[in-house]
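This is the structure, below, for whatever I ask next.
Each chain carries a letter (A, B, C, D and E) given by its place in the written order, and its residues are counted from 1.
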Amino acid sequence: MQVNETFTPTIVAFCCNWCSYAGADLSGTNRLQYPANVKIIRIPCSCRLNPMFILRAFQRGADGVILCGCHPGDCHYTTGNYYARRRMTLLFSLLDFMGIERERTRVEWVSAAEGAKFAATMNDFTQTITRLGPNRRLEDLRCKVE
Amino acid sequence: MTYAYFPGCTLKTKAVDLDKWGRASMEALGVTLEELPQWQCCGAVYPLAKDEIATRLSSVRALMAARDQGRPLVTLCSACHHVIKRANYDLAHDETFRSRANAYLAPQTPYAGETQVLHYLEVLRDVVGFDNLAKQVKNPLTGVKIGAYYGCLLLRPSRQMAFDDPENPTILEDFLRAIGAEPVVYAQRNECCGGYVTLEDAGFARSRAAAVADNAAARGAQLLTTACPLCLYNLRQGGSVRTVYFTELLAQALGLKEGQL
Amino acid sequence: MQSRVIEKAASLLESGACTRVLGWKAGAFFYDVTPAVFTCAQEVREQMVFNPFCGANLSKYLIAESRKEGRIAVFLKPCDTFSFVQLQKEHRIARDKVWAVGVQCRGMCDIDSLKELGLKGVTAVEEAEDDLRVTTLYQEKTISRKEALSPRCHTCKSRKLLDCDELIGDQGQDLPSSRFAQVEALEAMTPEERFAFWRGELSKCIRCNACRNVCPACSCEKCVFDNPNSGVQNKAAASSFEENLFHIIRAFHVAGRCTDCGECTRVCPQHIPLHLLNRKFIKDMNEFYGPYQAGGDFDAKPPMLAFTLDDPEASIITNGRDGQ
Amino acid sequence: MQRIGVFVCWCGSNIAATVDVETVAQTLAKEPGVVFSTDYQYMCSQAGQELIQEAIREHRLTGVVICSCSPRMHEATFRKTVEKAGLNPYLLEIANIREQCSWIHKDKLTATQKAVILGRAAIAKVQLNAPLTAGKSPVTKRALVIGGGIAGIQTALDIAEAGFPVDIVEKKPTIGGKMTQIDKTFPTLDCAACILTPKMVDASQNENIDIISYAQVEKVQGFVGNFSVTIRKKARYVDEHKCTGCGLCTEKCPQKKVPNEFNLGLDNRRAIYIPFAQAVPKVATIDPNYCAMLKSGKCGVCAKVCTAGAIDYKQQDQLITREYGAIVVATGFEPIQLDKFDEFAYSQSPDVVTSLEFERLMNAAGPTGGTLLRPSDGKHPHTLVFVQCVGSRCDGAEKGKSYCSKICCMYTAKHAMLTREKYPDTEVYVFYIDVRTPGKNFDEFYRRAVEEYGVHYIKGMVGKVTPQDGKLKVQASDLLGGRQLRIDADMVILAAAIEPDKTARPLATMLTASMDTNDFFTEAHPKLRPVESPTAGIFLSGACQGPKDIPETVAQASAAAAKVIGLLVKDSLTCNPCTAKPDELMCNGCSSCEKVCPYGAITYVDKSFRGPNRTTLIRRVAQVNPAVCQGCGACTVACPSGAMDLLGFSNQQILAEVDAICR
Amino acid sequence: MTDWTNRVQEISGVNPRKCMKCGKCTATCPAYDQMEYHPHQFVDMVCTGRVEELMASKGIYTCLGCFACVERCPRSVEPANLIEAVRLAVIRQQGGNHMKPDQIPGLLNEELPQQAITSALRKYSKGG
């Protein structure tokens, strides 16, 4: 794959309100930089993430989607992230089965105390997506919005 | 199971006893040590400088050779073990070193620290098993109080060596128990013997060895045992307690070596 | 078999045990069998069929039918009974309004399979033990039943008839099935090959919704794709639609509920092997979370509605030759 | 048609230095539906809030977007602001352009562009916001305190004093915690038992307090105001109500070789025991690991000597389930294991002890009756070496704890001082890295140890302890003196780092309360909400939140009690209105949602619907109890038909955000 | 002019700023008496840019390489790596070798293992 120097990917990060969104706030409080390509959408819990949202993001031009939630065992709602883990594991496996680059989607557990991990994760994910180049495979041929 | 064996230069000359009885004992215990063909000196000291590549390469060659044979690499001399284990750790963890070592040696398959590096004692513990060893002892060293001398190189830095608890190691004591002896635990067992400084300042090295031996003697040790030729040399030069290689004790316990303690 | 089925249906109506019978009747062509509700014995005797082309799974119709007045009798093949149980688990079928007659099945046939054997202008097919007597415009030929089977029946997972009130034919057993072979073959490809495969298949989709409409798991009161509040409402009427999204979401919605009956692929006018998406989910769930058969019993918890503390992370996925 | 107002905050220079706030306001003004857009220095200030309220009234706004700091910071503030201006508080969205934009980017153009996109997403979402009204849920007027140390006791006493019933669950047979093992307390040197035991008695006699000792929390369900907790009360094989605490059994029990945990194994107790004389409750407990009767059915001495007939070998664990409105965590600390620090020879010599062991060796009720004697030979020690920071302030988890354990400097000064006071013939060395004594009368205390008691404080560290010839050969550095010291010591005392109790981690999981990487409970805000956990209804007391000395622990314990009282006096709580809501017309009644709901908020009813041709259909449909639903959204994804949606985070709202970001 | 401070940090990979000045390295050092500057001072002097003074010190040749300071440092500073880097800064210069091969024969005895000779040469000279 060619590395496109000018390619700046669009990355959507779904963050649970209690751990990862707070972790993202903490990386801000600590002034830890990560690329501006990453835009965060706050959801109450990782289990709120409907696969529809991920697919829609890709349809609309996202190049990578990442879900961040509380570490297993630490979900504010006790069990939400366990369901999210199953759902995403299966969904990502299906996407992979359909030949869509596995690295475009990711799940990462980030606690409210892990500002540094949040920034590091976003830096790494952005690098990965930049290397992969623009998303082509998850765009539906027949609904390209020009 | 057959292991690739890296003896090292000292074991071919001054430390023949370490090597000879080590091989004989493993054979008796049903483990085959096959000497790595055309091994080169490990380099004797692990270069701490991040920018030194060449001095680590002979270790890398040995590691690659073992990888190509599909065998774990076993060492006996503490210094060789230290150098090879750390070089292997660097290959697995230091990307710069890995790429440069691979670029220099240009192996058919790039090497990234896959070889398992084992010390002879680890093979005794994890492959043979001390329980099993105890069963095969013919001449138990009953009643002999022996101080295990670990020195520095097997244990430290523990992050890389991952050999035993660096401050409270037990592998040699467990070994001594397995061959029927009574281990003596003493605090100086993991302090330096004087090392290579013995060449330039023999007096200082002797004082270090004396501190070790005195502490062992005060705790009741009649005999010291070690896995390192340089430790043995220093302890014999400066220490007040007789010192032997642990493989000699092993061979004696297995009935392979005549001798008295 | 056909006569036993028809007799049973007629007698259930005649005795008053049921007010309606859900079965099959022939369509425009003899192989074009469709589900039908019969209300009197005469209708049954005149129109009802049970032949090797009765592939349609009748369970789904029970959702609506069991809500109506009176009891309805239904004829279910083994794979249909899995859907029957699954729908009951989801509280969709009023069991007491249903008289379930299990019909043992030796695999259903497919007109396309016959065509592939070079038989053109088929006018009739008659069962004879392990053979089929095929009449065409040009000839009469006896072929092995096996050759004419619908592709899904080659990998039949079970001949068990679950939760039936009575059986026609013997109770069957689970069968050793190689139903994941095709999934595995795809997994073994490179991501590029897989992508090419699916783009090729899904780009044929005309969004006719046949897969959705036939699927016993796709039995929502109102489908999410028809729901204007879902944000993904049906785009079929528009010039563009989201074929990836539609099929992925559909597969996801039936994950853990799909019994692997294969109706989706059977009815697809474009011959897209849609069941492979569902099977991939089934295979993954079996591997990641332990074996599970949707509709296999009344008690097991569906994997999508359960978890364990040490479930694998999403990062474990490595199909075939991809990875680094 | 929506009329949306956009308010871009400068946050002084926090946002304005990196984000061109004026451009953001101007750009967002052109978004569809936006009728007003402005920027201001501090939106959260009084003037800023008035600006918003005025705009709402003047422009008849139907939705408000504030581009400012994290919604976790000021969402509640701004909701009140818009509510006062007559707008439903849930018609507000916040675009986080500080923590997630200005603070993480340096390039002004990039940050400004991103701020615009975040603003757009918020505008897209607010277009779809619906007015929401919060419901009410009742409050159970009873509190649970987990942990019966000084923190738990103080919290319980204060809550009980306010008139609310409170239960203390303590895992040991007695309450009192670590403080019972401490000899004297700094900086006043009054005896710990003298100030603690009266509080223990107060707790046991208070009508509002129920002490459940030898018990552990097993299961927690529910939410703030409505917790249901299952407590396992372990079998102590003694009937608590019958036992008089006479202690005869503990003298007659033939099993004498049980390490006494109260004295940290420095002496032995019997298999049936009362931990110490002032234990509360003062009842005996049988240790099933050592009792011959329980292990082999042969003995029964205690039952024979017990005149009260309290011994019950058949006693079983008991499960108690109770309802609580609030839960206080007071699980305290433990000193770390010292196996990683054997350069100090802790495993090699009994004369190397931890500071807590030293407390017992100095205590009149301890194994030596209060006379300081060397554990190895019972002789009087002459030279004592104290080592500070053992396992504290380390780099990374493999070395030790990264934090300062906070209490060691003061207790070491106390130990050194007491040793010199009682035994003037001793030489006492304290090796320190830094002496940290912030606290009232603390530094004065430490200076007295040096100046009046002649304790040798040496800036440096001990590198190696070698037991030899009856002495502990201590090799250490004296950094200010520029020497390597070699001291022949009689005892070495290690100030081991402290860590949270091991039971805290599983408890945090049960409570869904968050913890930091060191397993200390996290507070809701490090400065402004120090005694509350981020999980509503869970409060923190004492060292479970971070290292603390006794005065601080008691202060925090009372603070936690005040917060609990503030909660329990309310008759009902305002619920989160962002709850799940099923669309009955689409619901299949399949029970998928119910199976993933952690709160049991979903039930099913059979409902009549109009069918075709004037028929009536009865269908099973889901119903959500908004007082119980916490709004996680698990059900919304489990629902195959998409009938279940989440108010405030609806499918359409999130998709609108996605579209705005990706466009 | 060589920037020895940076050079030494590069060679060693050590960040001397991690040091909290507890002195445990110095406390544990078996070669303390042989050294002019002690391990904690090494770290401090690299921090404050006094590397040339260290390069002139004989103490850099007496470090035994026993790694006690590395193992026991609570802050993972690795003083031994710094000492080696300072020594290398010296011996990598023209004529900087501390020990030359022709000195060796005079230091030998019958029992001395060659491991000691190789080690010393590696430690003391760039030839190795």
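Everything that follows uses one rule, which is that contacts are C-beta pairs under 8 Å (C-beta built on N, C-alpha and C of every residue); 3 or more make two chains touch, one makes a residue touch a chain.
Here the structure is a predicted model, which means the values were calculated and not measured.
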Contact distance in steps, from chain B to chain C: 2
Co-neighbours of chain C and chain A - touch as defined: D
With chain D gone and every other chain left where it is, what groups do the chains form? A, C | B, E
Sort out for me whether B-D or D-E is joined by the greater number of C-beta contact pairs. D-E
Would you mind checking which chain's C-alpha centre is most distant from the centre of chain D? C
Taking each chain's centre as the mean of its CA atoms, which one is farthest from the centre of chain B? C
Between the Cα centroids of chain B and chain E the separation in whole angstrom comes to 24
Between chain A and chain E, what's the gap in Å when you average each chain's C-alpha atoms? 48
Just how far, in Å, is the C-alpha centre of chain D from the one of chain A? 30
Whole-Å distance, C-alpha centre of chain C to that of chain D, is 53
Which chain C residues sit where two or more other chains touch them? 230-232, 304
Where chain E touches two or more other chains, by residue: 68
For chain D, what residues touch not just one other chain but two or more? 343, 464, 596, 638, 651, 655
Check the chains against each other and report every pair that touches. A-C, A-D, B-D, B-E, C-D, D-E
Complex contact set, residues of chain D against chain B: 339-343, 345, 347-348, 398, 464-469, 473
Quick one: which bits of chain B touch chain E in the complex? Just the residue numbers, please. 8-10, 13-15, 41, 43-45, 47-51, 55, 77, 79, 152, 155-158, 166-167, 191-192, 194-201, 204, 208, 229-230, 232-233, 236-237
For the chain E and chain B complex, residues of the former touching the latter: 10-13, 30-31, 34, 61-62, 64-68, 70-71, 78, 80-81, 84-85, 88, 99, 104, 107, 111-120, 122-124, 128
Please output the residues of chain B touching chain D within their complex, sorted ascending. 159, 165, 167-168, 185-188, 191, 214-215, 218-219
Which of the residues in chain A come into contact with chain D in the complex? 10, 12, 17-19, 21-22, 24-29, 31-34, 36, 39-45, 47-53, 56-57, 60-62, 70, 73-80, 83, 87, 111-114, 119
